[in-house]
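Heads up, there are several structures right after this.
You will see two complexes here that share chain A, one where it goes with chain B and one where it goes with chain C.
Here is the complex of A and B:
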C-alpha cells in the first residue's frame, strides 16, 4: 500500500530540511574556522583576521606543534591510557557508590550521602590538597596523581544514585529471594540496567580525563609523562611568552606562530575524542530501551 | 560466545588495564629509585676520599652523596637531559652531588610557584625574582636566611658579589637569595619604523614633540597605517610614566607615585596633578588624530605584529626586549629598518634593575641547603660548570668563536643541519656578566651604545625595594583598581568625548574609592624604608 504524502507534509519536510541544514552549517562553521585557521599563515591572520578559506596554505603551526613528534605521540599514549583506565575504574567505583546509596535497606546511606555531598560545597582548597598529594601520598611526578583524584566525583555519584533509584526495588528483591548476593545483584542486574547512566557518566569521565591539564600542570615534572592537553598548553604558553619582554632572554630556536598554533592545537586534541561520540551515542539509544521494565 | 563469557572477558580486560596502569606507575618509580641508587655506589668512595685527603678543615664535608632538586622558571629544552647528565658527572666527581632540574613551564607558573613554596616540598633551590614576588615571600619567611651559610659554603660568591647587590637582596636584615651578577637596564621605550621616518623626512625622535610629529607624519602620509596598531595601552601608559617622571613605588603602585626621582617623599595620586590634566588633553588630540584605533583597549592584537605586515609603525618594548624584536625583524624582514627611542631620554637618568631581579633562593624546607650553596658557588665561579649548564655541550650545542670569548650556535660543522637541536635554559638566576658568552638583547648591534648611555646616567633604584603588601588597604586598592580600569584607562588614551568632564568623574570616583588611604599607607611604608636607608 502506498501512503499518500500530502502537500503540507512535503512543504513541512522541505522547510524542516532547509532549517536543519542551516543550523547544521552554523554548528559546523566554528569548527571549520578552527581547521582553516590552523592551516593559515600567521601573517595573514594578523593582516586580515580569520577567513573561511586561507589565501596561503601553511603548515607552520603543525610543524611547531610536531617539532618533536616522539613527544606528541608519547603524550597521546599517556592520555589514551589515562582516559581508558580512568573511565573504566572510575565507572566501577562510581557505580558501586551509587548502588550502595540507592539501596533503601542501607541504614547509613543518608549520613554517607551527606559526607559525599558535603565536599561539593566545601573543600580544603588548593594548597592543602597539593600538600596532601605531594607530601603525604608522594605522588609528585607519578601517573597516580593524574589518575586517582578524578576517579570519584560527588556529582557523578549523585547522578548514578538517582539513576539507580529509578530501577524498581522489586528487581533486587526478587534476586535476593533467588539467592543472589549483593555483589551479584549489582554486577548482573543493576549494572546492565544502568547502561544509559553508565554511558552518560562514562562520557563525562572520559572527557574530563581527556581534557585534564591541570593535574599535570601541578604534579608532573618529567616530560615523558605529560598528557596531550598539557603538552599543547605548554607549547602555547611558551609561544605566548615569546611575545613578551622575557623573550629577549630566551634564545628559542624557532619562534612558533602563536595564533595559528592555538588552532592547530585544538585540531590535534579534539580530533580523536570526536570519534568517541558516535560509539557512546549507540549506548544512549540502546540503553533507553533496555531500561523499560516488563510486566 | 555466551554473554557470560563476554562479561567475564570485559571484567578481566578492565582488571588487566588497571593492572598495567598500576604496574606502569610502580615500574617507573622503581626505575627512578634505581637510577638514583646505582651511580651512588661507585663514585661516592672517590668523592668522599678527595676532601678528606685534602685535610683542609675549612672544606665542608661532602662524604654523603646528595641528590638536590632545583626548580627553574620556563621550559626544559629537548636537550636538557643530556646536558643535565654531563653536569651531574662533573658535580659527582667534585662535590659528590647530583642535581635534578625541574621546570615550572610557563602555564600558570605563579600558582605553581606559590604552591611549591607553600607546601614545603623538598626543593633545595629555586629561581627567585622581584617579579616573582621575592620580597613578599622573603618577608613571609618562605626562604631560608643565608647570612651564616654563605661565607662557609659559598665563599667565592660571598666575596665576589658586590655589597650593593647583597643589600638589595636583604629583607628585614637577612639575605634570602643569591642575586645574579648581571646588571641590567630595562627602561621602557618605543621601537619604530626608522625607514619611514627617513622616507617621509620626519625629525629624529628626541622628545614628546618629535614623537608626536613622527606619529602624525606617518598617519598623514600612509592612510592605511595606524601608527600603534593593536592594544596601545602599554605604549600610552609607559610613555606617560616616563614623560612625567613619576616613579612607581615597590613595583606596581597604580595611581600612587613619587613625583620625581629627586623627591621620593613627595608621594601623590597622579590623577590629581595638573600635569595629568594637561596629559589627558594631549592624549585626546592624539586619539582624535588616529594614532591608535578606538577599539584599542579591547584589542588583543600586538602592535609589533602589525609592524611585521606593514600596517603599524610603533611598538612598546623595554631596551633588551627591543633588541630581541629588532634582531628578529632584521632576520625575517630585512627591508624594514627599525629604530629605538628609550624613554630615559625624557629625564636623562636610568635605573638598573635590582640585583634580585634575577636570583637563586633556598626554600625554608630545603633538605640540603649547604650542599646546594656549594653547587651554586661552583656554578657561578667555575667556567666549566657555567658554560656547560648555561650554553650546553661544546661542539654539540655551540662552539667558541674566533675571539675565544663569544659563542656560535649552531656549532661549527653543524650549520644548517636538520638534526641540530639547540639547548636553552632559564639561566637568569645565576648569570654573571663577566662569564657571559652571549650579548644582552639578543646581540642587537645598537645595544652597546644604549647600554653605555644608561650606565653613564645610572642612578640607584630606590623605589622598587620598598615593601608593600597593601594588607591594611586591600579593599580600597581593589576599588581604586576598578575605577582605574573603568575611567582611567579610556581617559589616558583619549578615548572619551570630553576630557574635562571625564577627568572630573575619574577624580571623584577615585576619592570615593578611598585613594587617600592608599596614599597615606604608601607614604608611611616608603618613609620607613627611606629612613632606614637614609634617603631624603
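Here is the complex of A and C:
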C-alpha cells in the first residue's frame, strides 16, 4: 500500500515538474529573445535573422543607444514624473472618496457610490471621451491628457471604501466626540491605518502609469513629451528613430544598429521594472488575494 | 430636494472631500455619455456636438448591413472564450501543481517568472512579436531555415495570428490567475486531505476528488466575472500584435480596435461612436446577465 502511494506521488511530481518547467520557459522565452537579440550584432541579424543564442556577443546596440541618450533620459523623466504625480494625486483623491463612502452616518453615500459605480457599467465609448478631452478641455499634446484622465478608477474607490470599512467605527466616532473635523479624522487617523490598502492600490496605479502608451498615442504629438512606453512603441514601429551618434564614426564594414537597437531599447525601457519586480511582487500578491476574496 | 440640501450643508466637509472624484467622473464618464449623440450624426469636427448633420439610425444600419458588426461581435466573443477557458484551465493547473509539488526554490522561481509578464507593458509584446515573427529576420523563420524548411511570411496569412493572440493573452494573465487560484487552494482545510490520505487516496485521487471540486465555485465565479467584462480592455493586446495591418483584420478585428481606427485612422467619428455605443449596451447586457446568474447561485459574490 505504502509503495503504491509513493509511486503515484513520484509520477505526479515528474509530471508537475515537467509541466511547470515548460510553462515557466514559455513565460520566459519572449524576454529571452529580446535580451539575446539586443546583444547580437546587426550584421548577424541581417545575414541570419534573430537567434536564440547569438554567435558572437556584441554590445554595439547599447553603445549606439547610449551614444546619445538624451531622448531616452527625457522619456524617463516624463514617465517618472507622471507616475509619481499620478499615483500621489490619484491615491489622495481615491482615499478621500473611499473615506466619505465608508462613513455609515453619511446618508448620501449610497447614491454617490452608485454614481461612481455606474461608470463601470456604461460609458459613452472611446470617441466621445476623446472629443471631450481634445475639443472641450483642449488637452491635445498636453501633459494633462496623460495625467488626469487616468487618475481615478471606480473599482479602486470601491476597494478603498471596503478596506476602510474594516477599520473599527469607534475610532472616527471617538475622535468626533473629541471635536476633530472630518478631514482631520481622515488625514490623521484613517489614512495611517489604511497603509496596506494604499500600498496595493498605489502600486497598481503606478504600474498603469508606467506602462501607459495608449494616452500618448491618442493625444501627444511632440517628441519631447513622449513617455517611455510610447517612445518604445514608436521606435519599434520605426516611426521614430532612436537618435544616435553612430553614423559619424562608422567603419565601412559595419552596419548601424537598427533591428538590434529596437531590442536594446526594449531592454532599457523594461529593465527597471524587472529589477524592481522582486521587491514589489509580494505586495501585489497580497493585494490580489484581498481583491479576490472581495470578488 | 430640500432634504438633500440640508444633508449637504450638514456634511459640508465630506461633500467637499468627495467632490474631486465626482467632478472627475462627470468630466470623463458622464459628459462623454452626451456624446453618444454623435452616433446618430454624420460628425464633423468643426460642427462638434450641435452642428453636425443628424442622420438617425444610418450609422447603425450601415454597420449592421455591411456585416461589420456581426464580424466584430463574433471575433470579440470567440477570442474571449478562448482567452478565458484556456487561461483559467492553465491557471488552475499551475496552482494545483504549485500547491502540491515539493521544492520551495523551484516553486518560488516559477511562480515569480510566471507573474512577471503581468508587470510589463503591452508595447513589449509588440517587441516580442517583431522579434519572433518578422518576415526577414524573425526568430521563427531563422529556426525554420536551420531545419531546412521554407520561411513563412506571417504577415501574409491570417491563420497563425489567432494562436499568437491567444498565446500572449494567456501569457500575460497566467501568473495573476495562478495567485488567485493558489489562494483559493490554500483556504481549503487540511483536514480533507489528511482524512483522504488515511483512507489511502493517492495524490491524483485527492486532487480529483478534493481540490478540483473545491475550486469549482471560484472557477465559475472568475469565468462569469471575466465574461461580464469581455467587451472592454482588449485594445492593447490586439493593437500591439496586429497594429493597422489591414490584411489580418477579418479574423483579428474586435470592437475596440475598430472604434480606435474609426477615430485615429479613418476619422469616421459617427460610425465609430455607433460601434462604441453598441459595445457599451452589449457590455451592460452581459454584466447584468452575469450578475443575475451569480445572484441566483452565490448571492454573496454578486456585483450589486
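In the analysis below, the second predicted complex is superposed on the first by the 183 of 295 C-alpha atoms of A that agree within 3 Å, B and C clash if a C-alpha of one lies under 4 Å from a C-alpha of the other, contacts with A are read in each partner's own complex, and residues count from 1 in each chain.
The criterion applied here is as follows: a contact is a pair of C-beta atoms (placed from the backbone, for glycine too) under 8 Å apart; a residue touches a chain by one contact, two chains touch by 3 or more.
Just so it is clear, the structure is predicted and the values come from calculations on it, not from any experiment.
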Which superposed partner A:43 touches (first chain B, second chain C, both, neither): first
Which superposed partner A:218 touches (first chain B, second chain C, both, neither): both
Which superposed partner A:207 touches (first chain B, second chain C, both, neither): second
Touched partner set for A:81, first chain B, second chain C, both or neither: first
Greater residue coverage of chain A in the superposed arrangement, chain B or chain C: C
Partner chain in contact with A:174 - chain B first, chain C second, else both or neither: neither
Chain B versus chain C as contact partner of A:130, first or second or both or neither: both
Chain A positions touched by chain B in one structure and by chain C in the second: 46, 126-127, 130-131, 135, 213, 217-218, 230, 233, 237
Residue ranges of chain B in contact with chain A within the complex: 14, 17-18, 20-21, 24-25, 28-29, 74-76, 78, 102-103, 105-108, 111-112, 114-115, 118-121, 186, 301-302, 304-306, 308-309, 311, 317-318, 320-325, 328, 409, 421-422, 424, 426, 428, 438, 440-442
Sites on chain A touched by chain B in the complex: 43, 46-47, 68, 71, 81-82, 84-85, 88-89, 92, 126-127, 130-131, 134-135, 140, 142-144, 147, 213, 217-218, 221, 223, 225, 230, 233-234, 237-238, 240-241, 243-245, 247-253, 255
Residues on chain A engaged by chain C in the complex (per definition of touch): 1, 4-5, 8-9, 11-13, 16-17, 19-21, 23-24, 26-28, 30-31, 33-34, 37, 45-46, 48-52, 93-94, 96-97, 99-101, 103, 106-108, 112, 115-117, 119, 121-133, 135-137, 148-149, 151-152, 154, 157, 181-183, 186, 207, 210-214, 217-218, 229-230, 232-233, 236-237, 259, 262-263, 266, 269-270, 273-274, 277-278, 281, 284-285, 288-289, 292-293, 295
Contact footprint of chain A on chain C as seen in their complex: 4, 7-8, 11, 13-15, 17-18, 20-22, 24-25, 27-36, 38, 45, 48, 90, 93-94, 97-98, 100-103, 106-107, 109-110, 112-128, 130-132, 136-139, 141-143, 145, 171, 174-176, 179-180, 183-184, 200, 202-204, 221, 225, 235-236, 240, 243, 256, 259-260, 262-264, 269, 272-273, 275-277, 279-281, 283-284, 287, 301, 303-304
